[in-house]
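Two complexes are shown next, each including subunit A; its partner changes from subunit B in the first to subunit C in the second.
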Partner chain A sequence: MKVKYLIEKIEGEAELEFDFKNGLVDNVIISFPFYRGIEEILKDRDAMDALVITPRVCGICNHAHLIASVRAIENGLNKAGININLTQKAISLREFTLSCEIVHSHFKWFYLVALPQLLNLDGIEKPDNYILKASWASTNIVKALAIFSGQWPHASYAVPGGVSCDPTYEDIIQAEALVDEVTRFVENELIGMSIDEYHKTKEISNIKGDMSTIFDMMSKKNIEEKGKSYDRFIVFGEHQIFQTGQYNKKYSNDISFAHIKEQIQHNSKAKSVTYKDMCYEVGPLARAIIAKNDFVLNLHNKYKDSTLIRVYARLDETLRLLMYMKSLLANLNVKELSCTLAKMPKAFEANGVGMVEAARGSLIHQSIIKDGKIQKYNIITPTQWNLSSGTQKEAGVAAQAMKGSISVEEATFVFRTFDVCSVCTTH
Partner chain B sequence: MVKPTKLKILWLQSITCNGNAHSFFSHPDFMTLIQKFEVIYHPILDSAYSLDDVINKKLACDILVVEGAFRETGMQKANQEIYAIAKSYAKKAKHIITVGNCSTFGGVFRLYDTESIGGFCFNDETPNESYKLFKKKLISLPGCPAHPRWIGNLLSMILSQRQILLDNFHRPLEVYGYNAHAGCPRSEYFEWKVDSKNYGYKEGCLFYEYGCQAPYTHANCNKILWNEVSSKTRVGTPCFGCTEPYFPKKDLWHTNTLMGIPATMPIGVPRRAYLTLTGVAKSFSIKRLNEPIIKYKK
Partner chain C sequence: MNDYSFTKKECDMGKDTMESVKKLFTTQSAKVDTNRGGEYYTDLYETCRKRLDELKALPVVNNKLDFQQTIMDEGLDRRDFLKWASATTAMLMLPASFTPLVAEAAQVMNRVPVIWIELSDCAGNSEALLRSDGPKIDKIVLDIISLEFHETLQAAAGHQAEKQLEEAIEHFKGKYLLFVEGAVPLGMDGQYGTIGAKAETFKDHLLRLASGAAAVIAVGSCATYGGIPAAAPNPTQSVGVMDVVSGKPIINIPACPANPANMVGVVLHYVLTGKIPELDSLLRPKFAFGYRIHDNCERRAHFDAGEYVEEWGDNGAKNNFCLYKMGCKGPMTFNNCSIVRYNEAVNWPIGVGRGCIGCSEPDFWDKYAYERPMANANIKAPTGGVEKTVDEFGLALLTAAGIGIGIHAVASAVAGKKNSEKDA
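Right, the complex of A and B next:
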């Protein structure tokens, strides 16, 4: 039996075509209907224009696109013999602002996606205060981001050689206060315990607050062990807090961009992407597995790559990032230079790759620049890894995860545990 | 007592990045504000109707908010052309708000195919067929994205029936009557024509070399600030003119010059006057403006 379903409020929409056999999902075709042509828009433009245009791929992870974009230019310049060495200040500021965006996005997932969807499954009236909580927490953390980046969404403050801002201690103190406020929110509302207590607790069942509603509902609806896919993970973005590498039955830190392959899919405007011809999951769970986060690894022994651990990894990452953000601010040295590249070369040739970790996983920008102008630009988004329909040999990661679901409702929740972003997937 | 009926908002998206929906969600009083309305559809918030309902039923709506660029054919949702759906709601709505540069002028996404993609009522600065139909109830909030307060304040003004004066692109004057330069902390450097020496300094003006369009961009960003705290020029990034019909221009980080001064003048300033003033200002070398504001001890 085939069932078509228009899934919405996923930063746009997608069409899912389910094939049910014996009451269970046997196959899913995922299609993203619209292509906006960002890569083509960039052709023949000045290399720096990418820093302004590419954030417009996505209203929710625009900052990650900015960082990927500046890294692609810097990588190209380095390869062309123009050495770019960022100061620790510039590195820390980029890490801080990117972390703010990841955390903000996770808040939106908990309160605007997970809770309403789970309560819908159970037919429970949704309290308005989830919207209030999502708005309060995300607004305050992007405010901390904007102190350094000028605005959110769509800042362009990362420039080749560093950042354009020159913060004072006053700015840092204001950002610290916001991080503290948001941390307090997380402790009081999201997990119902202090972060210290959280780190001592080694049981999901001890977590309180709104997260306990999420975990309880998942358990009540028997979906915590659903959503298993290939149990393969990959992380490309280099950051102080994340590790790069891949996991496919065993770990390897030896990964190369050269093994990534993008392929056009006939049913969809989104290209599929593989590593050594295999589908890999990216995102908070991949980051936790590759970093050998012990709590996540313990759960992984029991639950493999199921929905429960995918949701849990997103929570754990939120808490880790908040702590990381605090330490970045505490150690920021305003006396260092913000930008070490004195002058952007004019008619340069470069071929660079920029990889970062965005909220939903590894994001890759690749640019070929001739005579200072963009000849070719290519973007591979995290959601392409997770949400494509896959290859001829195997279904995509999310499509595989939905197999075995008992209903469209259950399958779409599994789908949403990947934190779906339609606009990024097609770009 | 009969409860007064709330104005119904329908937020419809076409070719977009979702940036305006997310920008509005960062409004500091989002919840208080949104509760004054009945949101019949919104791309992020859980709403009473599904997108399928919006497309296939004819729902009642007082305020139509459109986000994203439009094309007559080739941008479908649930097998229907979204431009046609938006226009059918526009006919019935009392107010039409185009949020963001894409829905107002075509924006970034228009560049993919300028023949067929444009704004809801304008293609760049040229009014299109829809403009004739809807100009009486059209309000434009260009920006990439629109500032949360621009959206929030406009909705509140509609609700409280306050006078909303508009410019020739239907942009509210209380927002777009200013230029983005007003309130910039670098304005002293602008007055005395002192360039920034590179990115990453709090000192210096970005208008002369680094592409800043703030003096000729209609917006109050530096008056009300982004996310309550900041703005592009405050963090050393030039203004890219995102509220204007020609956004995004090419070579966004470079200033085109003519006779040694920026090719585009601040709004309403005659070139000759500016040239004379530049000569005078530059003839003084003001020591303070060529030094760091704060010299931290090693």
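Right, the complex of A and C next:
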């Protein structure tokens, strides 16, 4: 039996075509009926135009695109012999703003998508205050972002060599206050306990707040152990808080851009991505596994890469990032330079790669520049890793995870645990 | 020594037209009529009064969130609310006596059905509008406007959502405001973007929904002018809403993303008066797009003094000097960012030393893109005076201002050179 299902309520639209056998999902084809041609638009433009155009790929992870884009230029300049060494201040500010964006996206995913969809599965209509909670928390955290970046979405404050802003202590205090307020929201609403208590918790069942609602519902709907895929993870983005590497039965920190392959898929405007010809999962769960987060590793022993651990990893990351952001602000030395590349070369040649961890996983930009103009620009988004239909040899990560689901509704929840975004996937 | 060496011709041009530069920056840049006389406002007041009474008598379209309750939930008291109402009244260029009416209008906004669709977009305007931006009360007002259909916010999904949309357009035929986010791809018979189970093209979807709307509001630069998808070589042959829809009032709220304050302003204006606000020749509401960023920029004094940032991170940057030479497009960009700012007014691009990219102007991605200062940009002068408003001249003014400013920067560079010669 074949069933077509449309996924909306994401940035754009996706179409899932389920193939059922004996009442269980046997195969899923995922397609995205949407295309803008951003890479084609970037060709032949001034190298620096990428910094303004690529964020507009996505209204949710636009800041990650900006950072990937500036890193691609910096990486290319470095390889061309123009050394760029960012100050710790510039690094910290970029890390802070990027973390804000990841946290805000996790809030929206939890309150606007994951929790309502799961409640819906049980016939409960979404309580209205979820919209307000999502709105309140995400508004305040991107406000902290905008103090340094000027606006969100679509800021362009990162420039080769650093950042353009020169924050004062007053700006930092304002941002700290916002991070504290959002942390209080997390304690009161999301986990129902203090962060200290949370870190002492050894069991998911001890967690309270809205987070307990989602775990209770997952248990009630018997969905905790569904959604298992290949149990392969990869992290490319270099950050102070995340580690790069891959996991496929065993860990390896030795990963290379050269092993990444993009492939055109039939019936979809999104390309699939593989590493050494295999599908890998990216995102918060991958980051937690590669960073050897104790709690997540314990869960992993029991549940492997199931929906439960995928949901938990995203929420746990929200808390960790908030703590990290606080320490970044506390240690920021405003006396350092914001930007160290005083003179941007005009007609330069560069071939660089910029890798960043965005909310949904590793985001990669590659730019080949000649005479200061873009010859070729390639964007590989996190959702391409997770949501493609896969290769001839194996189904994509999310497609594999949906196999064995008992209904379309259950399968789409599994799909949602990857945090879907179609505008990034196709770009 | 900076990078911008000017040719002799450019310098001569600067000298020749200093008079016109002076004129450009001393005349009122946009002809927005903020005082239409007592009689006009008395009439308007009565019209609004009647309109609000009519709306109040109507049933609430969507009473999911009660306005008063929401205000209390957010910890805002009536004083904050009235403060917001008076600021919004001023933004809409109405006399202070309209403040109570604006406050009332905010409370009956859930009588006007709104349908929001996304076409070829990045959803950045939805993000800005619904969840992440806007002064606090604007945000609440937007939480409670009767969003009959918005795919991200509604409870329904998939086929159920499609059904909900069909019901809404039938039920509110001729009454709903249609907000459109995203460009309309026309290439490959519209196959670059389709929607729903029947794979309706974005163009057909838009035309069908527009035909039953009271007015169509294009939000963001993609819906307005085609935006980034329409950037050269425009792979999907994308265009804006006004290139496709005819026979309906269209309001453009450009910028990338559009400022939520301006979206609220348009809805409030419609609720209050039953009419769309006064528009310029590019169909932009004058209350928001009547002035240039440059006119109210916090760094304007440095422009006038000829103090510029010359490189990222230089002394000029540390002292918040003017970003014009770094490619700031504030002087050619009509928008109210310098007043309303972004993200609950916490900051804006010029505030972080990045400069304006002109994201609310047509073709900004091709014509204005990035940090090519206008003095070096290939922009032609219009025929006619440089102080024409956008209404009289459309795009021409933008280019005129560009030349004018190019001249100003050249002149300041020349002046600077003379000074240093004297010093030496």
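To be clear about the criterion, the second predicted complex is superposed on the first by the 427 of 427 C-alpha atoms of A that agree within 3 Å, B and C clash if a C-alpha of one lies under 4 Å from a C-alpha of the other, contacts with A are read in each partner's own complex, and residues count from 1 in each chain.
Everything below uses one rule, namely that a residue touches a chain if its C-beta (ideal position, glycine included) is under 8 Å from a C-beta of that chain, and two chains touch if they have at least 3 such contacts.
Being a predicted model, the structure only gives us computed values, none of them experimental.
In the three-chain model built by superposing on subunit A, subunit B clashes with subunit C. Of the two partner chains placed by the overlay, subunit B and subunit C both lie in contact with A:Lys143.
In the superposition on chain A, A:Thr168 contacts subunit B only, with no contact to subunit C.
With both structures placed on the common chain, the touch criterion links A:Leu337 to subunit B and to subunit C. Shared-chain residue A:Phe295: touches no atom of subunit B or subunit C. Once chain A of one complex is fitted onto chain A of the other, the partner contacts of A:Glu125 are limited to subunit C, with no touch recorded for subunit B. By the touch criterion stated above, A:Tyr251 is placed in contact with neither subunit B nor subunit C.
With both structures placed on the common chain, the touch criterion links A:Phe20 to neither subunit B nor subunit C. In the superposition on chain A, A:Trp152 contacts both subunit B and subunit C. Once the two complexes are laid over each other on the shared chain, residue contacts for A:Tyr5 go to subunit C alone; subunit B is not touched.
Overlap of the subunit B and subunit C contact sets on subunit A: residues 6, 8-9, 11-13, 33-34, 36-38, 40-41, 45-46, 48-49, 51-53, 56-60, 62, 108, 112, 116, 126, 128, 131-132, 134-135, 138-139, 142-143, 145-157, 159, 161-166, 174, 337-339, 342-344, 423. Looking at the complex, you find that subunit A touches subunit C at residues 4-13, 33-38, 40-41, 45-46, 48-49, 51-53, 56-60, 62, 104, 108, 112, 116-117, 120, 125-126, 128-129, 131-132, 134-136, 138-139, 142-143, 145-157, 159, 161-166, 174, 269, 337-344, 346, 412, 423. Against subunit B, the residues of subunit A that register as touching in their complex are 6, 8-9, 11-13, 33-34, 36-38, 40-41, 45-46, 48-49, 51-53, 56-60, 62, 90, 108, 112, 116, 126, 128, 131-132, 134-135, 138-139, 142-143, 145-157, 159, 161-166, 168, 174, 334-335, 337-339, 342-344, 423. The touching residues of subunit C, counted against subunit A in their complex, run 3, 64-65, 70, 73-74, 118, 120-128, 130-133, 139, 143, 151-155, 157-159, 161-162, 185, 192-197, 199, 227-229, 231-236, 238, 256-257, 311-314, 317-318, 342-344, 346-354, 357, 359, 365, 369-372.
Those residues of subunit B lying in contact with subunit A across their complex are 13, 15-23, 25-28, 30-31, 34-35, 43-46, 50-52, 75-78, 108-109, 111-113, 144-145, 198-202, 221, 226-237, 240, 242, 248, 250-254, 294, 296, 298.
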